[in-house]
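What follows are several structures.
Next come two complexes built around subunit A: one with subunit B, the other with subunit C.
Our next item is the complex of A and B:
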């Protein structure tokens, strides 16, 4: 049981960090960013290039992933989403744009980084073993702690900084925030950049554990959408809750249901359908949006 | 006058140059050979090594004057299509080959893709060389598919038997991705292990290919304490993560797979934790390799910056296609002539030392000759490179 809980917490921390960026962008701009998984993959490849190819320290790779993805996010918002949102009132326009960006990023990743699975050496060696009841490699513990620290840092940023307050105001009521003097364009761009930065950071963190390859973008986006559906789209605390719930469900399912084959995600999807039928707005979302 | 003469001379020289260039380009007719396989995503290493092997060999042939078929030298052009491991795209790729008038295609790399393209290949007169194991593709009435490697039901029993005899393996566990290829390979492996008298302690654990943490997946398998953990049909992307998780959970037994792997990917993803990992390797060893194989490896490495051991097998398909056409030039456009030639075809194997032959095999497994003959090389990974564990032959 201890092992199941630890696996669930570790998975939950990384999932929550992935979902945070997605839900932030949705809450600020009402955009479902289908390219979130590709941004995660891009971040992983940047860290791989800096650490494994150039031989620089892991922290440099992580910072490079964060900076490059933040710039990419800001440019995508400024050059693509802003004009589309200005000209079109239909939600499908931004959804199609996001899907197009996902395909485009897939092609860019293939050209820049190739098609192979890549990984970087372990950043910490050794394994924590508590009497064979709980086994956890130190690098996973470190990545889990870093992910939780980043989530805490993100919450603090949203709670106690001027930019965070402005973004929360935007998320609550765009029109009212504008009337109160919030620069909507500026904070939309900052929000998108922050969402992309989070995706890049998770990619950079996880490349040390899972490695990275071109095909990981789509499934990552799907999992991120599951998390925000569970927690409630556009709600920060909901994304965190959704991440930890999915991580725990996956950990328990893979252990308890292992004898029946790979039915963990079948069970998760079935539960999600029932859950959404009863509570379509998710755990913490509001029925009115 | 002088000016006019100069212009005339220049124009004449230009026309003559173009004519010469045209003659040079038109020197050899082009023979197109197709490739439809996976070159992106988690299994990209499988298809990439196919495509790169074909491109390396084609460039080499073209550089040395072309391939002689029926007294005519042909330049070889490789037409490639990435099916992304998606059967629907594999069908589209094979249709594209048919539209281009191509009769010989290497690939696809996986079971469902190879099964999906069968009707297109049969309707359009295409012989294809899959790296996929379903027996019905190679057994009559099917006749257009030729297995390009050793199948898991041929290599698996050889590996288990070797490990039983040399390492005292008694208990075995199987883990597979929840996809058609790995699941069918797991079932084949379980049947082979049971037939050899091994105790199968776990065979129901499967995983999603996009799993990011294999610790919970492997926990029940490691708790079953097998002597040998078989990663059935594992893709090069998942292998290092699975090995790493198993070792981190304290598993100290043997780990093997019947699929080919990439040493660079294993080293990057699992490092020294992958030491001792057993996999089916490319069909060559330093002892078996001829000068031509060594030159192929050298050219491939120069062309693409790195070599994949699996290309020792993947180099063969194009060679078999061309050598069979050379044996019967009518096969260039008539695949029925190719099929007839396959039954008696035999040529020197340029990639192996000694008197090894290129010939079609598979009668024992499929009842007809629908498999290329390549040596079965089983490797063990150690410190970033593969070492030969043993070599065997399939008839």
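Our next item is the complex of A and C:
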């Protein structure tokens, strides 16, 4: 049991970090970022290149992932989403654009990094063993702790800095924020960059454990969507809750349902449908209208 | 109206007579496969377009195509039903599932609906991997070609295995189904049901308040949409004679949605045009080898920047200027 909970927490911390970026972008610009999974993969490959190929320390790789993805996110917002949002008749057009960007990033990753599965050497060795009841490699613990620290850092950023306040105001009411003198364009760009940065960081963290490959982008986006549906789209606390809940469900499902074959996600989806029938806006989302 | 009729006649003439003649003359038999795929994908996107018509973004068509394919494959290989009977059965199965799934999820709107349908695609793939009847990752292979279809002892469609060129037969089958699907779609849009759907697209609360049964309509249109998806999937299986859990994945679902967007959401023929442009474009770009996806996606992004409302929106602008 302890093992299941610990695995769930570890998975949940990473999932929450992915969902945070997605929900931040959604809340600021009403854009569903299909390319989020691809950004995550890109971040992983950047860390791989820096750490495994250039032989620099892991922390440098992580920072490189964050910086490169943040720049990429800012450029994508500035060059692509902003003009399209201004010109298009329907909100949904941004989805097409996001899907196009997802394909584009897939192509870029394929050309730059190839299609092979990549990983970096373990950053710390050894396994934590508590009486055979809880067994966990130290590097997983380190990554889990780092992920939780980053979530805490992100919350602090959103709560206590000027940029965070501006972004929260934007998420609440774009028009009102603009009238209060918030530079909407600027903070949209910062928000998008921050969301992409988070995706890159998770990629950098996870490349040390599960490795990374080209095909991981799409499924990661799908998982992120499940999380923000559980928690409610566009709500930060919801994304964190959704991430941890999905992590727990996956961890429990893999153990309990193992005898029936690989049906964890079928079960999660079925329960998600029941849940959404009762509460369409998710745990903490605002009802629409 | 008259102009429309001429347009339809020309279109039918081109797809049924001119295209086969040209292909015969030039010997580009591989084009049949491409065009067949375009026709089938267009059927699937017709369904997606219909869900757009009630104001829902459907990124789950791949799931229904996969389900339809599996239903057809399982019925043919394990029950021994003729391919022609499995076609409507696959569609009906998908429609039934769509009712079950649609009842809860159609209450969702906007990106929420889009997200859950996308999740549905991934879950269907995982289910196909896990369930025993689908034979897991190995998939179902060596599915027989469609047999002959007889009505009162008269052979209407000959056995595909005895034909000289099953490619042509499949092309004609797919095109006929596509024409039929779009006729149905056009009929739906221009009927009472279509008017009611438009009312849903514009304002669901308002429609409900003047007595439109929104819940019933939503489920009905979603079921019809999924019927199209299942149909397309079933024919795909017959052509490739095999199906795997990865036959239709998240990318295909997204593509179905893109076909609709590119063609434009305001026109019945939009998804057909969008499918043609994107699929053919993709095919033509195969000369670029490893840069294929890069060029394709760049063009798509560029198109979004220039024409964010779809290709057929070009006609809108002309109309606006007059």
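Rule of thumb we're sticking to: the second predicted complex is superposed on the first by the 287 of 289 C-alpha atoms of A that agree within 3 Å, B and C clash if a C-alpha of one lies under 4 Å from a C-alpha of the other, contacts with A are read in each partner's own complex, and residues count from 1 in each chain.
The rule we apply is simple: a contact is a pair of C-beta atoms (placed from the backbone, for glycine too) under 8 Å apart; a residue touches a chain by one contact, two chains touch by 3 or more.
Predicted model only: the values in this text are computed from it and were never measured.
Peer 1: One more residue to check, A:219. First (subunit B), second (subunit C), both or neither?
Peer 2: both
Peer 1: Which partner does A:84 contact after superposing on A: first (subunit B), second (subunit C), both, neither?
Peer 2: In the superposed model, A:84 contacts subunit C only, not subunit B.
Peer 1: Have a look at where A:277 lands relative to subunit B and subunit C in the superposition and call it first, second, both or neither.
Peer 2: Only subunit C is touched by A:277; subunit B is not.
Peer 1: For A:110, using the defined touch cut-off, is the partner it touches subunit B, subunit C, both, or neither? Pick first, second, both or neither.
Peer 2: Once the two structures are laid over each other on A, A:110 reaches both partners.
Peer 1: For A:265 in the superposed arrangement: first (subunit B), second (subunit C), both or neither?
Peer 2: Both partners, subunit B and subunit C.
Peer 1: With both complexes overlaid on chain A, does A:96 touch subunit B (first), subunit C (second), both or neither?
Peer 2: second
Peer 1: For A:127 in the superposed arrangement: first (subunit B), second (subunit C), both or neither?
Peer 2: first
Peer 1: Just subunit B (first), just subunit C (second), both, or neither: which does A:118 touch?
Peer 2: first
Peer 1: Under the stated touch criterion, which partner chain does A:4 make contact with: subunit B (first), subunit C (second), both, or neither?
Peer 2: First partner only.
Peer 1: Would you please give the residues of subunit A that touch subunit B in one complex and also touch subunit C in the other complex?
Peer 2: Residues 110, 219, 261-262, 265 of subunit A touch both subunit B and subunit C.
Peer 1: Which residues of subunit B touch subunit A in the complex?
Peer 2: My answer: residues 39-42, 44-45, 48, 178, 204-208, 210, 212-213, 215-217, 219-220, 236-237, 240-241, 248-250, 262, 264-265, 268-269, 271.
Peer 1: Where on subunit C is subunit A touching in the complex?
Peer 2: 57, 101, 103-105, 107-112, 114-116, 118-123, 126-127, 129-132, 205, 249-251, 254, 257-258, 261-262, 265, 290-291, 293-294, 296-298, 300-301, 304-305, 308-309
Peer 1: Quick one: which bits of subunit A touch subunit B in the complex? Just the residue numbers, please.
Peer 2: Residues of subunit A touching subunit B: 3-4, 7, 10-11, 14, 52, 110, 115-122, 127, 129, 132, 135-137, 140, 206, 209-211, 213-216, 219-220, 250-251, 254-255, 258-262, 265.
Peer 1: Quick check: in the complex, which residue numbers of subunit A touch subunit C?
Peer 2: Touch residues, subunit A against subunit C: 26, 30, 32, 34, 80, 83-84, 87-93, 95-97, 99-104, 106-108, 110-111, 218-219, 221-222, 225-226, 228-229, 233, 261-263, 265-266, 269, 272-274, 276-277, 280-281, 288-289.
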